[in-house]
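Next up: the structures, one after another.
Next, two complexes with subunit A in common: one pairs it with subunit B, the other with subunit C.
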Partner chain A sequence: MEYLWIIPFSPLIAFIIIGLFGYKFLREPLSGIVAVIGVAISAVASIIGFIDVAKTGNYYDLKLYNWISIGDYNVSVSILWDPLSALMTCVVTCVSTFIFIFATGYMKGDESYPRFFAYLSLFVFMMLMLTLSDNLVQLFFGWEGVGLASYLLIGFWHYKKSAANAAMESFVVNRVGDWLFLLGILLAFVTFGTLDYLQIFNKLAGVDYVIITAIALLLFGGAVGKSAQIPLHIWLPNAMEGPTPVSALIHAATMVAAGVYMVARLMPVFASSEIALDTVMFVGTMSAFIAATMGLVQNDIKRIIAYSTLSQLGYMFAAEGLGLFSEGMFHLTSHAVFKALLFLGSGSVLIALHHLLDVQKMGQIGRAMPITTGTFLIGALALAGIPPFVGFFSKDPIIEGAYEINTFVFLFLWGGAFLTAFYIFRLFFLTFFDGDRLDPHLREHVHESPPNMTIPLIVLATATVVLGFFKEFFINFLKPSLDPAYMKFLPNDVKALVSEGLSRAHHVHIEPNAFSFLGHSLTSFLGILILATAIAGITLAYVMYQIRRIDPVKIGDMFQPIYKLFYNRWYFDHIYYAIFVYGYYKLSKVLWFVGDKVIIDGIVDGSGKGSVFAGGVLGKTQLGRISGYVLQMLIGVVIFLSLFLFLK
Partner chain B sequence: MTIVQQLVAGLGIPNFKVLIPEIIVLITAILVFLAELFIKSRALISALTVVGLALAAFSMLTISEGAITLYGLYIVDSFSLAFKFFLVIFTILAIINLQSYVESKKTYYGEYYYLILFTLLGLMIIVSSPNLISFYIGLELSSITSYILVGLWRKDYRSKEGAFKYLIIGGAGTAIISYAIALIYGKTGSFDFARIFHVIQDNSDIGVTAGLVLLLVGLGLKASAVPFHFWTPDAYESAPTPITGFMASVSKVAIFAAILRIMVEAFPFSNQIWSYGWAILAAASMILGNFVALKQKNVKRMLAYSSIAHSGYILAALASPNGMGFTALIFYSIVYLFMALGGFIFLSAFEKNGNWTNDFEDFKGLAKKHPIMALYMLIYMFSMIGIPPTVGFMGKFGVFMALISSNVWWLAVILVITSVVSAGYYLKVVAYMYMYEPVNSNKFKLTAMEKFTVGFLAVLVLVVGIYPTIFWEISNILTSVLIMNAGVR
Partner chain C sequence: MTPQFVYADFPFISISILIPLIAAIIVFVSNEKLAKPISILSSIVVFVISSYMLLTYDPSGYKIQFYEKYTWIPQFGISYEVGVDALSLTMFWLTALSFVVAFVWSTNIEKRIKEYFIAFLVLEAACIGVFVTWDLVAFYVFWEVMLIPMFLIIGVWGYSERIYAATKFFIYTFFGSLFLLIGVIGMYIYNYTQNNILSTSYFDLLKLSLPHNLEIIFFLLLALGFAIKVPMWPFHTWLPAAHVQAPTAGSVILAAVLLKMGTYGFVRFSLPWFPEASKYFMPVMFTLGVIAIIYTAMMAIAQTHIKRLIAYSSVSHMGFVTIGTFALNVEGVNGAIITMISHGLTSAALFLAAGFIYERLHSYEMKDLGGMAKFVPVFATLFMISAMASAGLPGLSGFVGEFLALLGTFKVSILTAVLAGLSLVVGAAYTLWLYKRTMFEEELLTPEKKEEYSKLKDLNTAELWSFLPLVVFMFVIGLYPNWWINLISNTTKFVLHKIVGG
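So, the complex of A and B:
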């Protein structure tokens, strides 16, 4: 399995090559091609590794090199290759490959073309370091690295003020999560004396419940920031200022899913603490529902999809909190595919409409762009949860599982499903059909995108159709990583602990086979109810925005308070602005006043004036401060000395 | 027998072989001093200095065996050699950027060169002294020359003012150190670290405590730890920028090395006292340095406060008086050389241009005009905040782990919080460079040397950040050398 090192380093090499020679020699389109080749190589390597693991169900723990030693513990760069990381790695590399290809078309003519692909390759490298890591330090390294790459890419068009601000915002908000995450890592290190996942799992049984809960919650704090869950979600919609392939890759398919992956990766830790699982579940549920309500009323095509991403990530966390880790990871995979498809579809629309973002100003472009429309429809149906698309097979089990486990969660997820279907088809009808609201000048130029953009769309659409039928394969494939009974690397006492933690989901039975699951949901009451909800959402969108039987404006007026709440995104941004931006400003003013004015100027000036040395000869000049300094120093010496001589 | 022969027979000849680097630096200094009187070519003097230093650095590599020489006043071991090597190399990096700067500022003096060399000699003595007297001599040599270096600015009032403040406060500092030495001598009857070690181990009474604490104060002053930092912002701001870079990096690191050696080799049994004392100084430095830096409008002054804050981070490692703490201190102080010198040389490169005043305003849109240089500065800033994969992260990480291993949680928390605060001003530089439009499109003139120095150090910051293993191992080895040597004579 030694060849696995190719997976992360191939994009790194591409990054170095583009970084060194991008502007001088490669330029456009060669730098794009280098990047595509780099990521394609790692995609092939990871698929080979994936097949190996699928056949054998083994896990491999490769230590590439020792990085640094802290006490007895060696931090190493390493690869943990088991079904979970194999699946995540394959998702990252394969989706990246198609997005890279799409980007060669999307970024055409941009003056910073090489820089874009250098950043993208760097991002993929960091993401792979994250997914392949076998310890928390490397995970954190990748975690920060993807944050940096994301920052660079959101602000890619840094001459746009909004883009620069959004980059800064994402950076700052992510720091909040990262500090929690770092504290979690440190607490884990202090508790376990090691940071390797497998060793941590081995030592789980003897550790205090409170400490495990604290570790899990701190780590989850990091996941909340990275995966943009409430209350740290505000950066993601604004991050849409970046180029669309970036939104597709980083802010839909891969980076934002890192939090979900991390929770699954550390499943035994989370499963050891009921409080942690409950927190994951409720944060996920609330994000799933609240983000969906925010998505209802937005008009920016990319932001609508961004809110949808928030909401779907909420579903994944909810699944994990419910104990349905495999279902959560399957939804992650499926979401990566269809959300990348939706984003790339919207990117194709943006290219055709010269970066017009407001869906209220679009309309009737479906006929001119048949491939984009068709593939977007497939993505939208998958998101809404209509069979036979993959979204149905991955989202329905979560909602059905919630029904069996926790009614509260079920109600919100179920309501969210209705909203999801509604907002995505609102977007779909407004953009591609409905009345002709488009600027006539733009209308003349609407055209289908070139093949290097449509082919990734078609491939991803095909995957959206096909992937769902492999449900059983995926669930079985993940068992050695996520089902305690099958996990080879856990000792028995930890297995018992973990399976007790997951007991909330033990009575849930979800048909693993795709066909029997489809049959089951078409016959059972619950299945029909969920399906009917989705269809109702689509129908309502159709009635409101296509045939216009109900006027959306009137509805908005009728429920004005709610409409305003949703439109202002539940006032989260306002509250944060008031507390953090304004509060920080105030606080720094106070500190400056206390630090500079009172202490430094006050004491220095005050004492300086009193002293003979200053008062006589040098008092009127700047030099007068010196005696003040010396006096202050003397005070320092006296205090410092007395601290030791008299107090100890 | 002549008197000389009698002396030699009685005392033995010092082992001059291990002193070759110092001798080369001294000879170079004298040569430069003489050459400066006769040679007009400024480039030649600069080249002479660099060649002499390069020879000194090279001669260090040839020393295979350490020794205690000069009648027990001088120690050459891997600890002192490693630090001296870094000191000499970074002095070279500062000197190659000096000429273009002082010429463009119309303040050229040939004295710069040999004064720097004498300072360096003093610092080399500091890091290799096993005795409080030789330490004191080295300290005085380096301090007095530094006062002059700060004041060497033609017709500039602020430079004289800064130098004067530095002189007064630095002098007070040396005075305190001499009191401390006197107290320790009074108690132990010796200046020798090993002797002090042996005498103090069983009775750590009030006299020793007072001496040690005064020593802490004096050393803290030299390392610009709060509340003894007053000279730092003024001296740093008013000195010619390459000199500031030299003082902020080379001088400071030598002090850190000396502090570590004194604490470990002379006072290991009083570690409760000094670890607590350094912890207080470190906490104060981190808090005050970072918060005051937030309000600075001038980047050079901001970096001066940042240097105070970094003294805090580095000294914090001493709050954990064990191998992990010492390793963290050595690692951080070596890598701090990269960031500090790089940052100041960056400023000096741009400052040569008349309309550059080091204000934040000047940084507006720099990424457009000088994308590569801006990238280097970004690396430095990220490293000073401590964002991985830069070396600053590794440095802070090491200190943090050391603090946690000794359960000094309160200091670890201060370290983390102040690091977050520091992002406020470091990122401001980045934001001004990357997120504003340039005010005008005039490019700045930069010499190849400056580009090389800034780039080389930035790459080091990044490479060592990603692959810290070598430097970490070096720090580990130096720590064990230090601990093994304690009390052995």
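So, the complex of A and C:
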């Protein structure tokens, strides 16, 4: 399995080549091609590795080199290849490949074309360091590395003030999560004396419940930042300042899912603490619902999809908190595919409309761009949870599981499903159909995108249609990583502990086979209820925004306070800005003036002047001050010597 | 743990101190045009020597290597005693590197060119002397001598308020050194009264066991001298003033080398000489370290003058060195030493960046800056890497040291680690703020400014070659820190041997 090192390093090499020669030799389109080749190689390698693991169910732990020694423990740069990391790596590399291809079209003519592909390749490298790590420090390396890549790419068009601000915001808000994450790592090291996952798992049984809970919660704090869950979600919608392929890759399919992956990766740790699982569940549920309400009333096409990403990540966390880790990971995979599709579709629209973002100013572009419209519809149906698209097979089981386990969670996830169906079809109708609100000048130029953009759309749409039917395979494939009964590397006492932690989900049976699940869904009360909810959401969107039987403005007026609350994103941004941006900055200014200038320098300069006065003779010259200090020194020496004699 | 002494086959250290002095004499007698090449050449020779020593240093056990000792004034027990352990050596190496960087960068000095280079050469000799000498008289002489060229560098080649800043720098640090002197004299006298030995050798004084009260007093006297040099809050206000006024090369040396003397002092003297007092004052040092980290990070973001911002960021990073050192365990002290090296690289690079911006746009004020990135891509890249290294991005040098320092701190005080860890957030805030306000937001520029910007030249050869080594070593330390950890570990154990035993 030594060839696995190719997976992360192939994009790194592409990054270095483009970084060094991008502007001088490669330019456009060679830089893009180098990047695509780099990521395609790692996609092929990871698929080969995936097949190997699927066949044998083995796991491999390759140590590449020792990075940091801490006493007897070595933090190594390593590759842990087991079903979970293989799945995540395949998702990252395969989705990346198609998004890279799309980007060669999307970024056409941009003066910083090579820089874009260099950053993208860097991102993939960092993301793979994250997914392939066998210890928490390398995970943190990748974690911060993708944060850097995200920062660089959100700020890619840094000539814009808004982009520069959004980039900085994303990095700093992520750092709040990373602060907790790092403390979690430190606590884990002090507790276990190691940071390798497998060794941590081995030692879980003997550790105090409070400490396990603290470690899990601190690490989850990092996930809240990286996966933009409430209350650290505010950076993600603003991150839409980045080019659309970036939004698709980093801020939908891969990086933001890193938190979900991390929780699954450390499943035994989280499962050892009920409080930790409950927290994950609660934060996920609230994010799923609240983000969906925010998405209802936005008009920026990319921001609507961004809020949808927040919400869907919430579903994944909720699934993990419910103990349904495999379902959470399957939803991650499914979401990566259909959300990338939705973002790329919106990117295709943006190219056609010259980066017009307001859905209220679009309309009736569907006929001019049939492939985009068709594939977008598939993505939207998947997001809404309509069979036979993959979203149905990944999202419905989470809601059904919640029904069995926790009514509170069920109600919010179920409500969220309605909102999801509504907002995505609001977007769909407003953008592609409805009345013609488009500027006539733009209307003339609306056209379908070139093949290097439509082919990725078609591939992702196909995957959206097909993938759901492989669910049984996925669930079985993940068992050696996520089902304690099958986890070879866990000692028995830890297995018992983890099983007990996951017992909240033991009575839940979710049919893994796609056809059986579909049958169950169409015949059981609960299945029909959830499906009907989604259809109701779509229908309402159709009535309000397509045939216009209900006037959205009137509804907005009717529920004025709620509308305002949603439109202002529950005032999170306002409050944070007031406290952490404006407040912090003003406080710093005041502290600087009062603390450093008035008090400290007052004392310093004052004592200088005082000693000048004492020094007397040489008066106000610079030498005078020095003489003053000499005097002080003499006084000091006298005091000291008397002390000395006294102590003697 | 007793140190072994490995005598030098060839007096590398003495030669390294002499080379800059000889170069200074040559500059003095030669043509003005030769001043820069001679300085660069001599500094490169010293750097090569230090690198050779670094690569041939034997990190097993605790051995003082390249050791030389000659009697100087036997009546008072004063000798000339130089040698290196890993701490001395890494600081010596950092000094040598910083001076290469400073000399290569110094292209457009307008006045008193010869004097400028002479001042720097004398400064180099004194700085090296501080780190390699084991005799306290020589140490104190180097420590004080260093102030004079630095005073001149700020006072003569600085900006408009240079006299105030230079005086403040000089008086403040001189004030601190007096306490240091008193402390050292006290130790000397006490050693004589106890053992009837007159010796100014570090190792002789190390054998002393002091009564508790006296240990506390000596600790405080030395600590005041070091704390001002670091500088620790609340003794830090001389630093922003000095940096704002100092010429770029002066700021580089000030940040990369001079600040390290304070923390070097803590690790070298305070911990081994005063183990009980170090434990006793741990909470105080933790408190001051945390205040330094958070309070000065807030100071940094309040600034509009970019050099002052970077100066405050230095104070903030040195807070990590303080808490790492006073965690009094191997991780903490290892982290402190690596942070010292890393901060030398990153702060030097950031001051070079400030210097670059000033040379292009003739201002340090944020309101006159911004939107440069597109016009100077190579510079923007190196500046970004330096900023990220400073912000502690894993894979670059800043992370390793701060991670270890935090780990060491976490083991003894969770609260301190939690608060110090906040620097992840506030540090990122001011660093990215600095970058954004100087490099991004081109759309805010007026058309005339854009016109002016389009004529900007990217890094020239000299600038590139002084910037590049710093960035390269940021990667070297960040990606392969084990080599450095292995190098310093036994020195760290020696430093701590009276505290943790062994």
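Methods note: the second predicted complex is superposed on the first by the 605 of 648 C-alpha atoms of A that agree within 3 Å, B and C clash if a C-alpha of one lies under 4 Å from a C-alpha of the other, contacts with A are read in each partner's own complex, and residues count from 1 in each chain.
Methods note: a contact is a pair of C-beta atoms (placed from the backbone, for glycine too) under 8 Å apart; a residue touches a chain by one contact, two chains touch by 3 or more.
Because the structure is predicted, anything quoted here is derived from the model rather than measured.
Trainee: Tell me which touches more residues of subunit A here: subunit C or subunit B.
Mentor: C
Trainee: Scan A:Asp358 for contacts with subunit B and subunit C and give back first, second, both or neither.
Mentor: In the superposition, A:Asp358 contacts neither subunit B nor subunit C.
Trainee: Should A:Asp493 be classified as contacting the first partner (subunit B), the second (subunit C), both, or neither?
Mentor: neither
Trainee: So in the superposed three-chain picture, is A:Asn66 touching just subunit B, just subunit C, both, or none of them (first/second/both/neither)?
Mentor: both
Trainee: Quick one: is A:His158 in contact with subunit B, with subunit C, with both, or with neither? Answer first, second, both or neither.
Mentor: In the superposition, A:His158 contacts both subunit B and subunit C.
Trainee: Under the stated touch criterion, which partner chain does A:Asp551 make contact with: subunit B (first), subunit C (second), both, or neither?
Mentor: The answer is neither, since A:Asp551 touches no partner chain.
Trainee: When the two structures are overlaid on chain A, which partner does A:Leu186 contact: first (subunit B), second (subunit C), both, or neither?
Mentor: So A:Leu186 meets both subunit B and subunit C here.
Trainee: Residues of subunit A that sit at the subunit B interface in one complex and at the subunit C interface in the other, please.
Mentor: Residues common to the subunit A contacts of subunit C and of subunit B are 66-71, 140-141, 144-145, 148, 155, 158-159, 161, 164, 168, 175, 179, 182, 186, 189-190, 588, 591-592, 595-596, 600, 622, 625-626, 629, 632-633, 636-637, 640, 643-644, 648, listed in rising order.
Trainee: For the complex, give me every residue of subunit A touching subunit C.
Mentor: Listed in rising order, the residues of subunit A that touch subunit C are 23, 66-71, 137, 140-141, 144-145, 148, 151, 155, 158-161, 163-165, 167-168, 171-172, 175-176, 178-179, 182-183, 186-187, 189-190, 584-585, 587-589, 591-592, 595-596, 600-601, 604, 608, 622, 625-626, 629, 632-633, 636-637, 640, 643-644, 647-648.
Trainee: What does subunit B use to touch subunit A in their complex?
Mentor: 161, 164-165, 168-169, 172, 176, 206, 209-210, 213-214, 216-217, 221, 227-228, 230-231, 273, 276-277, 280, 288, 291-292, 294-295, 324, 367, 387-389, 394, 398, 400-401, 404-405, 416, 420, 423-424, 431, 434-435, 437, 467-469, 472, 476
Trainee: Can you tell me which positions in subunit A touch subunit B when the two form their complex?
Mentor: Interface residues on the subunit A side: 65-71, 140-141, 144-145, 148, 155, 158-159, 161, 164, 168, 175, 179, 182, 186, 189-190, 588, 591-592, 595-596, 600, 622-623, 625-626, 629-630, 632-633, 635-637, 640-641, 643-645, 648.
Trainee: Of all residues in subunit C, which touch subunit A in the complex?
Mentor: Listed in rising order, the residues are 163, 167-168, 170-172, 174-175, 178-179, 182, 186, 189, 193, 211, 213-214, 217, 221, 234, 236-238, 295, 298-299, 301-303, 330-331, 371, 373-374, 377, 388, 393-395, 399-400, 403-404, 406-407, 410-411, 414, 417-418, 421-422, 424-425, 428-429, 432-433, 436, 439-444, 479-482, 485-486.
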